[in-house]
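First the structure, then my questions, so here it is.
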Amino acid sequence: MQLSIIGYDPAGAWHRFASTVEELLANKNPAGITWIDVEGLESSDVIHRFAEEYRIHPLTVEDILDTGQRPKVEEFDDYLFIVVKAVNPADELDFEQISLVITENAVITFQEKTGDFFDGIRKRILNNAGRIRRAGTGYLAYSIIDAVVDEYFVILDRMGDTIESFEDRAIDESDDSFIRDIQTVKQNLLRIRRIIWPLRESVNILLRLESKLINKDLEPFFKDLYDNIMQAVETVESYRELIAGEMEVNLSAVSNRMNKVMKVLTIISTIFIPLTFIVGVYGMNFAFMPELGMRYAYPVTWGIMICIAIGMIIFFKTRKWL
Amino acid sequence: MQLSIIGYDPAGAWHRFASTVEELLANKNPAGITWIDVEGLESSDVIHRFAEEYRIHPLTVEDILDTGQRPKVEEFDDYLFIVVKAVNPADELDFEQISLVITENAVITFQEKTGDFFDGIRKRILNNAGRIRRAGTGYLAYSIIDAVVDEYFVILDRMGDTIESFEDRAIDESDDSFIRDIQTVKQNLLRIRRIIWPLRESVNILLRLESKLINKDLEPFFKDLYDNIMQAVETVESYRELIAGEMEVNLSAVSNRMNKVMKVLTIISTIFIPLTFIVGVYGMNFAFMPELGMRYAYPVTWGIMICIAIGMIIFFKTRKWL
Amino acid sequence: MQLSIIGYDPAGAWHRFASTVEELLANKNPAGITWIDVEGLESSDVIHRFAEEYRIHPLTVEDILDTGQRPKVEEFDDYLFIVVKAVNPADELDFEQISLVITENAVITFQEKTGDFFDGIRKRILNNAGRIRRAGTGYLAYSIIDAVVDEYFVILDRMGDTIESFEDRAIDESDDSFIRDIQTVKQNLLRIRRIIWPLRESVNILLRLESKLINKDLEPFFKDLYDNIMQAVETVESYRELIAGEMEVNLSAVSNRMNKVMKVLTIISTIFIPLTFIVGVYGMNFAFMPELGMRYAYPVTWGIMICIAIGMIIFFKTRKWL
Amino acid sequence: MQLSIIGYDPAGAWHRFASTVEELLANKNPAGITWIDVEGLESSDVIHRFAEEYRIHPLTVEDILDTGQRPKVEEFDDYLFIVVKAVNPADELDFEQISLVITENAVITFQEKTGDFFDGIRKRILNNAGRIRRAGTGYLAYSIIDAVVDEYFVILDRMGDTIESFEDRAIDESDDSFIRDIQTVKQNLLRIRRIIWPLRESVNILLRLESKLINKDLEPFFKDLYDNIMQAVETVESYRELIAGEMEVNLSAVSNRMNKVMKVLTIISTIFIPLTFIVGVYGMNFAFMPELGMRYAYPVTWGIMICIAIGMIIFFKTRKWL
Amino acid sequence: MQLSIIGYDPAGAWHRFASTVEELLANKNPAGITWIDVEGLESSDVIHRFAEEYRIHPLTVEDILDTGQRPKVEEFDDYLFIVVKAVNPADELDFEQISLVITENAVITFQEKTGDFFDGIRKRILNNAGRIRRAGTGYLAYSIIDAVVDEYFVILDRMGDTIESFEDRAIDESDDSFIRDIQTVKQNLLRIRRIIWPLRESVNILLRLESKLINKDLEPFFKDLYDNIMQAVETVESYRELIAGEMEVNLSAVSNRMNKVMKVLTIISTIFIPLTFIVGVYGMNFAFMPELGMRYAYPVTWGIMICIAIGMIIFFKTRKWL
């Protein structure tokens, strides 16, 4: 569990780490804005201590500690509570819950796991880049959610590459591993969709919320965020359609290959079966078989068999089966 | 049929069982809140007696007795009527209808079957844990519905395990039992969905209801309940998608296995069919067959046959059929 | 065509049949409520006579006579016009249009065919059972629609039995008759759905209608009716899903059975084809075949052939094809 | 291009043809209602001349001339503009665009092609049948759209017959022509749906429009029209479902027939393959084959072969493959 | 990067190219309307310079530079910001982002790539054709979007031709290339749909926007634009349905052809297999086989074999397998 605090106002900014909540709260920025970041949720005591300090509702505390929440926005008297799901840029699709408590002069972020992608925001605060130091807690919240959404695109790009590789595999492979890989990507897309859709809805709620924390000036930013999320949603949908297409291609390719094998092979069998019958006839041991003694019976038989074979090939050709 | 009554106010609480309705009603808590619990609906007289006492509409009584109701909320002048469906934690998916009549100072629960999962609530009342004794009948109703919803997750977790076991079976099995099991789980998911969706709608109605029973303070709790139900809904949907995926995998696996069997076997047949024709030719009994008398005809024939076999294998290899 | 009239008020009730409209109208109940029932629409004169008497709009008359109407509710200045579709409890799915014209003190029902299931309502009126005599024409209309909806469940139960019987047939049959029967039930479900959905909508309109005919007191009854219809809708939907499931099971079962047949048979062929080739080799009539003269050539050949057969069986076993 | 004009008021009505616009406009009915009918859109000059006379917006003129419009309703200051698509009762599905410009005392209809089905309306005007002469231009517009919708049912009935004929073909045929015919009907249904849905929407707009042209008295008529369109929509939907069902039946029938052929034939092969092996064995020419010289070897061999054949048939029977 | 400026008012119009922003801005039309066109987004400095001049929000600048935007409309205090996606009439489906900033007396268009299809609009301005010179910036914006939408139909027509060519290929081909081509068109349709749907929504927003830039007079034009977009949407949908139909036809055709091949070939095999067995029997070398010595055994055997063959053909015919 790691505690850190950033204080800033238009005039200045500082960043400190703390080992206890008391130490952290002693550092609160009285005039400007305070951003407290809690990484790791192992100690519920710490969270309860914050809850007490910032008068956080018991249900909010429960939601922070239960990492199985859906992304959501809840408005309380003193604060705004936002839950988002971040994706970690690991190989396996791995979600992390990030809860934001936004008051008028403080933002507290509770991260499920240590390690995050907020260093860019911290630098912008410390270096006074852009408008962040001059804007309020609403803008900080926007920046944090924006950073989370940006990470979605990293994951989606990687999935896009995997899906592109399916294009060749769909034609060549007829293995269970292909369908298994397809299913894995499909399930991952569904899992991502399940965190993006409610986030979209949440940002929409923020846009319509008449809260003093999200004021009129911030509207274009949240609208922009909303557009970004819509873009992610559409990417997921187009990936799903691409995958469905690849499955159709694979199904068709497997069936076409099988059909070709079966057709050529069956045709070979069919040509030889009548011929084998004919040679069987003259392999019979009847005492009285006039053909057996004839002078040119053998070459004539060969001739007949060649004619039958050619006839069948021509028949297959006219029927376009060959 | 089992009747019990709990009376409580912030100062104290008691729990009693009764054998008749009169005995029960004699125990009503005049000042605080009364929770009457009726388990088993065998005796409609008992329910009519309650209806009389609490001025319950005849249609509500009908709904309590008819256990085929959909989850719903109905607001009457004197009371709020809620129907929920509980799932029993048995092996077979088994629903139980629980009807709640909520007045200003009493909650009456009618359970279809004896045995429930409300012991936790009873203990919290008797031990004065949390806010339950201080809160009104609305909070008690919330606690009861919450306990019902919690039980859904127990069942859903168990179904999740079953679905996970399908992952291996989808590749290995090509039996009717697999598709039968898949269908059973699918039907159960549909049955659960059919009770969760209207419950979600009902809680939504409760949230928008301007009733003095569900006041502003309770809103976060019912919102939380709503979130829980949404989580259950999403779990059901994701299970349905997982199952659909497993069916696709199974279809593909069965077809791939069949294709492999057919391909190898057909190839074997195809190699031997022309060879069998050749040996048939020299099994003919024609008097005049020059090859038969030749010195090296036999080994030459073998050579030709081996060449044909190798040629065909190479042909199959180049076509990637082998 | 059969005409009957029921007159009632809280104090009394009577039921009479009539052969002409004039006779019928002479019997109108001046003080209380009159229920005129017209069975059979053969004579449009009769309907026009009623239209004149009760100032019914020409378009309403058209709708009454055209039995291809969808269930609907229409509010006119003087009356409420409701069209419902009843199902007759025959073996074949057979619909009957019932049109209701509801004025302040009269209900006129026009039934497409003679024979109905309203005897229960008539008895309740004549025996003064329940609230029917004390309530207005709105309650009578509710009772009639309720009786129609109850009949839906009779039909749905019967369909449920048919669908249950599909469960075994799905595994065992691979006949066109199975798929035909499935389609028939599916079409019937669609036909029922097509009459229930607009009825649901109609009752919803009735609930929101601010008409003096459907007053506040009747609201719980129409809500209850709405719930019943929703139940029917859900039953139809769940039947559709059950049928879709059975079709999947059938598809899978047919394909599995075919696969089994093909696999075992192909394996038998494959084992014998190389063996047949070998015996063919030693059936050749070449003059110089050293093996033919060897002492133990025959048993050795047998040995080789048995080895090949066993080898192939082992190969199939390791590949799990057997 | 054909120009005609009808003038009517409650007192009288007349119908005239004209060769030029000027001649037509000279005939305008000053007091009553004028219906100008333009068949054929070859001469845009004519349409521009009307546009000038009736102050029609340039975009409306464009819409009249572009026959690729979707059915729509547009309200302008002076007039109401309605576009509908009529179906011609030819064998091929063939649409015709009909544009209506409705002012307070004139209706102008622009038909894409000559020939229409409005003779009934013209007769009703000239013969003073029904209310048409007493009603305003709104009622005339209703009558025209109603005639267009009636024609849809003629086409739908014909399609219904075609779909019915699929019922037998689905079982018997396994030809590409069947699937082709199915697709043609499917596409036609989609094309019809694409003109009915926006028409439904348009009539809905007309119903809600607060225009003096469509007054309260006309509401039941437009509601009735709306119901008719809904009926057409539902017919299309039910046809689509019927077709989907027939495709399933066909798929299943083709696969069942193929399975039967394959099964019986494969079984025959399988029985004879081991027998052919046995007779091959005793066709070998080894010098030392003790069985060859035995007295009853031949009948014993026959006995063994018959036993094998019977054994296999029994095996197939127990497995229900036969 | 190419900069051009058009200035116009009802009295006159001029068109100039510029190499720098300053040169361009020096040419602004003080009285009338200015249309600045920026082709190519390579130099963000240029865009920032315009942003400064016209007080464009930083987020708008970001959106102009990021060519991965969805079509959208955003209203700012001083201007309206519209993003549309144009399709380039190349062989490959290729999108270009066009951003419009519309102020009261200027329109600035930012095009992703050089080359456009706005020459028609420029000519209409310079030649004073139609109402364009008399109308405001809203009409110019309408003209630009209309030109973009018109280009969609060029692309859609070309796709329509491709889809038509599928009609024959669906029956004849059973190649992976067919399914690949189908998928390509499908994906392209999805990509087009993804830019048309939000455009439809955007135009809808413009219609409901109470902005002084889009006044009441322009409403019919934007409604017309909306209708055009709806037409494009419907064309895309109908193409998707056509493609789905062709895939079904192809699936059915491939399977029918395969079935025919298999059936005829299997029947040939089945007829000869029993016959081959018979001739095998009389090829056996048993010493004691009475038939071998009989006088007419050979022709009798032929007779039996011919009977068997004819019998099987008759059997197949009665079963309709042939």
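Remarks
Labels for the chains are A, B, C, D and E, by order of writing; each one numbers its residues from 1.
Everything below uses one rule, namely that contacts are C-beta pairs under 8 Å (C-beta built on N, C-alpha and C of every residue); 3 or more make two chains touch, one makes a residue touch a chain.
Fair warning: this is a prediction, and the values are worked out from it, not measured in the lab.
Chains that touch both subunit C and subunit D: there are none.
Chain centres here are Cα averages; for subunit B and subunit E they lie 41 Å apart. For the pair subunit D and subunit E, the distance between mean C-alpha positions equals 25 Å.
Shared interface positions of subunit A, defined as residues touching 2 or more other chains, are 262, 266, 269, 273, 276, 280, 283-285, 289. With subunit A taken as the origin and subunit E fixing the direction of travel, the chains line up round the ring as A, E, D, C, B. Remark: subunit B residues 171, 220-221, 223-224, 227, 230-231, 234, 238, 241-242, 245, 248-249, 252-253, 255-256, 259, 262-263, 266-267, 269-270, 273-274, 276-277, 280-281, 283-289, 319, 321 touch subunit A in the complex. Those residues of subunit C lying in contact with subunit D across their complex are 57, 59, 62-63, 68-70, 72, 74, 76, 174-176, 179-180, 183, 186-187, 190-191, 194, 247, 251, 254, 257-258, 260-262, 265-266, 268-269, 272-273, 275-276, 279-280, 282-285, 289, 291-298, 301.
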